[in-house]
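The following block contains the structure, expressed as structure tokens.
We just call them A, B, C and D in the order they show up, numbering each chain from 1.
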Amino acid sequence: MAHTLGANQYGKAECRVVRVVRDTPRHEIRDLNVSTSLRGDFAAAHVTGDQTAVLPTDTQKNTAFAYAKLHGVGSPEDYALALGARLLEACPAAETAQVRVEEYGWDRIGDHSFVRRGGSVRTAVVTVGHDGTHVVSGITDLVLLNSTDSEFKGFLKDEFTTLPETDDRVLATSLVARWRHASVDGVDWNASHEAVTATLLRTFAGTYTRALQEMLYAMGSAVLDAQPGLAEIRFSAPNVHHFLVDFSDFQVDGLSNDGEVFVAADRPYGLIEAQVTRDDAPPADDAWLAVPGFC
Amino acid sequence: MAHTLGANQYGKAECRVVRVVRDTPRHEIRDLNVSTSLRGDFAAAHVTGDQTAVLPTDTQKNTAFAYAKLHGVGSPEDYALALGARLLEACPAAETAQVRVEEYGWDRIGDHSFVRRGGSVRTAVVTVGHDGTHVVSGITDLVLLNSTDSEFKGFLKDEFTTLPETDDRVLATSLVARWRHASVDGVDWNASHEAVTATLLRTFAGTYTRALQEMLYAMGSAVLDAQPGLAEIRFSAPNVHHFLVDFSDFQVDGLSNDGEVFVAADRPYGLIEAQVTRDDAPPADDAWLAVPGFC
Amino acid sequence: MAHTLGANQYGKAECRVVRVVRDTPRHEIRDLNVSTSLRGDFAAAHVTGDQTAVLPTDTQKNTAFAYAKLHGVGSPEDYALALGARLLEACPAAETAQVRVEEYGWDRIGDHSFVRRGGSVRTAVVTVGHDGTHVVSGITDLVLLNSTDSEFKGFLKDEFTTLPETDDRVLATSLVARWRHASVDGVDWNASHEAVTATLLRTFAGTYTRALQEMLYAMGSAVLDAQPGLAEIRFSAPNVHHFLVDFSDFQVDGLSNDGEVFVAADRPYGLIEAQVTRDDAPPADDAWLAVPGFC
Amino acid sequence: MAHTLGANQYGKAECRVVRVVRDTPRHEIRDLNVSTSLRGDFAAAHVTGDQTAVLPTDTQKNTAFAYAKLHGVGSPEDYALALGARLLEACPAAETAQVRVEEYGWDRIGDHSFVRRGGSVRTAVVTVGHDGTHVVSGITDLVLLNSTDSEFKGFLKDEFTTLPETDDRVLATSLVARWRHASVDGVDWNASHEAVTATLLRTFAGTYTRALQEMLYAMGSAVLDAQPGLAEIRFSAPNVHHFLVDFSDFQVDGLSNDGEVFVAADRPYGLIEAQVTRDDAPPADDAWLAVPGFC
């Protein structure tokens, strides 16, 4: 039986674009990791090796760097929208162009001096097509920990279940959250991102939970409630286990461990993934295609 | 406007299960990284915190280790099928159980002594549901290089294009390939995996290409031709750039570089992703759901 | 010709000790990665397999966790001093105990809620011996960038030199700095660490440099000048190259790149390492033994 | 009190040099990661910013690539000796040049086609000085496992000791071994490396041990016995813990775990480091300076 080329995409991944704005002695910096993908009718390149329709990934890379100057980087989303529109236009065979951006934060320590902030990374995935444009903003590596107000009990048990129920544990995660904008017009991308992040932190800090699932739903609900312009939000949340260290076999008088000393485990880890969607959200189309995580 | 819990799944990721078979003095070893996910009606855990329907991820982990003994590890696929069926049965709220396995190879250096092989990693993603079962076998980190017989020319050019055309370049990739079996019955998983891997290597070594896309399509076609039991194959292939080092500015008489010295670049890299599908392939359903890569 | 066991050490590496202080509803957290090593007369364990003198690495791990409660974690240095003294006492064959600590910072977002800070990591290497005790404090992953006020010219040239001289470049590094305290008595470890870090940042931001070497010497000098209790400081500083992207071949009117768009490179990178020592510094003995970097 | 610049070095790290030999249709490949460092009188660069004596790291990189052609890569050691001699000659202020090489293996799958081998990495550290030359060969990431014939008992116990004694456990490590050649003249570097690696594997597979320490000493002794040209060997060996999974609380009739199912742990890990030295070994001078690990 014959076979056929199916879905395909190609592009340049992880262009490390650093943009310095030096219009005044007080410089600004935007530090991005930019990936692009084109999808469309590229069958000839696969089947016959004909490259006529292929805009090289090297050209996509060049364009990513040039657009940091030509368009600028007001926000990852704004930059990605411009870059995606350009790539779609430059490559007639393409039906959509996807631009994925990670932004690393820097803190100022002088007029032209900066220290990298570390911690969470801001993300944007922009898909520009002839039929519409989608923006998915997000955050990764947001490591959160509650040292109490978390329980886990009343769960299903079978013959392999040995986990004790608990009323008080550490809840920690390295959160990936991505949220889709219902519209891409008139959004203040920086303000929106700041507001969503603040809601995530505030909800995490203020919510008593009976499972990480409950926390994700609470965070998603709070974000959608506070941000009417968002269609949905998706989470991928490892349960970074912090196990209470057992001191009971140590021969030390009076040594106990009442929720004070934990071992942070690497693997295995729980992995909880969930989506919260506004009831009248416009369709996602290919907004989530090839986005990492539970999408 | 109200919002609703959307798709969700939960499980235990990256259980490092090592199984030693010591029935005779000549031991055997299987070294796995096992992840499990349950999908189904877990809304209560998210919305009200009620865990009644939730089989803990800790129990899933325990089951993964126990099944390495109870069922054994004849192959990653066979083990994952048994584990997935067990998890589905143990958790009535679940509609599907997905088991993802990576297997690390070891070479024998003695009756009970082994050296880890390194290189490519064998993978399996098994989805067991009430409506059917899917097996996606695969390989990751398969690093391949052709030192000639690769060109790239005749491509689309725009004002940002600076890449010279070439008749002779290094083609290298760190391949991820995943192939879906049309049926899960009566398959010799180890023989099948060995045969597919051999076809991938043979095709890579024997194909003159005008783009990495052409190589992926050639490899996919060869695999489907040779393996009638496969429904489709999907590739995610970074173009690991090996740039010819420019010696022209060195003040050394007679020093030239005719395709002999390259710098292997880290980032950015091209990223080519494609699927090849048999025309009468049975539907994939959720076989590819949450599988990393272009799926 | 015969051979002999030479230097040796053993211990437990990377205990992920998380200490929560919950004496009040406003919890505190200290998040450590703790490694221990014992050195001394452990020849029997190597040569004859006799473990009589060996305090197991598992016991060292247990002690690391227990001391987070028994002694507490006022600072990495203080905790390491107590743990090192305990291990030395518990293992008569040991001549020195070394404790290496990395501390990850967290920011408060609630009474018992925290977000991991990311960015630089605080370090301490404490060596406790019968003949004396040494404390080396430090910082790693301190990523710094000056977007101007850096030049590189007037360097030695040979027939392989192609680098153009420059008056204005980006200078960036991911700094590792470690400083040895002349004495371990009466030091306010947290205040000292904060002061040294502030001096490093202030010097980096305020210094015009002609090479990364000059920056390291300036930072080292400033730290020793400001901190009379320090004997020496050592740096390992990758030169994280930010190359100006060449727009000259793009066919875009008016497009130029006057120090505005850079590509951040991964490899290769310059690696500059240097020490600055106070003239009357007490001897280092084994303070730097087995410390990573140029030590 | 005044301070002084102490020891220092600078160079280019991690040049990814790939050398293809295409003299015949049957190509050969050598895949290297090359780092260089110069040490000597570079005080002016640090103290006054004067670069007159500094051979740029960019030039060192260029030379590393050029020498892959000019000298070729018969072996990592041979290439590093030539490159180090060149750098020392090209930079009069340098007193020594150190070249560190990692080599990644490839297996042939066609005349000009290769698959990366993975697994262990061959290393060489060559130090070329006006007073002499040293070669330290080595291997990293050599992951070894014995599934029996390993015990650990009779160890020292204190009030924090909870580890049970055992007669039968899994012994696994990811070995780093480095060995210093007594002389650099007339050595067949490839044959020597192959022989040492074979001795390491054979000894690991054939030795019953009571501790990882005993295994290191046995391996070191065997290597020095078999290779009269070696002065010493140094090991850094994580004890990659494989913990027997406890099935005793599972409610499954007849389920037991007699050394058959293990969890491979990530952290913490034991870390055992030791040196074995030939009694009449020539002095090491700076052969081990700045070499990673316990050196």
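We adopt the following convention: a residue touches a chain if its C-beta (ideal position, glycine included) is under 8 Å from a C-beta of that chain, and two chains touch if they have at least 3 such contacts.
Labels paired with UniProt names: A, B, C, D = Uricase.
Bear in mind the structure is a predicted one, so any value in this text is a computation, not a measurement.
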Among all chains, whose Cα centre is located farthest from the one for chain C (Uricase)? B
Shared numbers divided by all numbers used: is that above or below half for chain A (Uricase) and chain D (Uricase), i.e. same or different? same
Any idea whether B-D or B-C has more C-beta pairs in contact? B-D
Per the C-alpha means, the centres of chain B (Uricase) and chain D (Uricase) lie apart by a whole-Å value of 30
Here the gap between chain B (Uricase) and chain C (Uricase), centre to centre from mean Cα coordinates and rounded to Å, is 37
Give me the residue numbers in chain D (Uricase) that touch at least two other chains, ranges are fine. 15-16, 62, 66, 160, 162, 250, 252, 266-267
Report the residues of chain A (Uricase) in contact with chain D (Uricase) in the complex, numbered from low to high. 159-160, 162, 249-252, 266-267
Could you please specify the touching residues of chain B (Uricase) with respect to chain A (Uricase) in the complex? 1-16, 35, 37, 42, 45-59, 61-63, 66, 90-91, 152-158, 160-163, 209-211, 213-214, 216-217, 220-221, 224-225, 228, 232, 234, 238-239, 267-280, 290, 292, 294
Flag every residue of chain C (Uricase) that touches chain A (Uricase) in the complex, lowest number first. 15-22, 27, 29, 31, 62, 65-66, 68-70, 106, 109-110, 112-120, 141-149, 170, 201-202, 204-206, 242, 245, 247, 250, 252, 255, 257-266
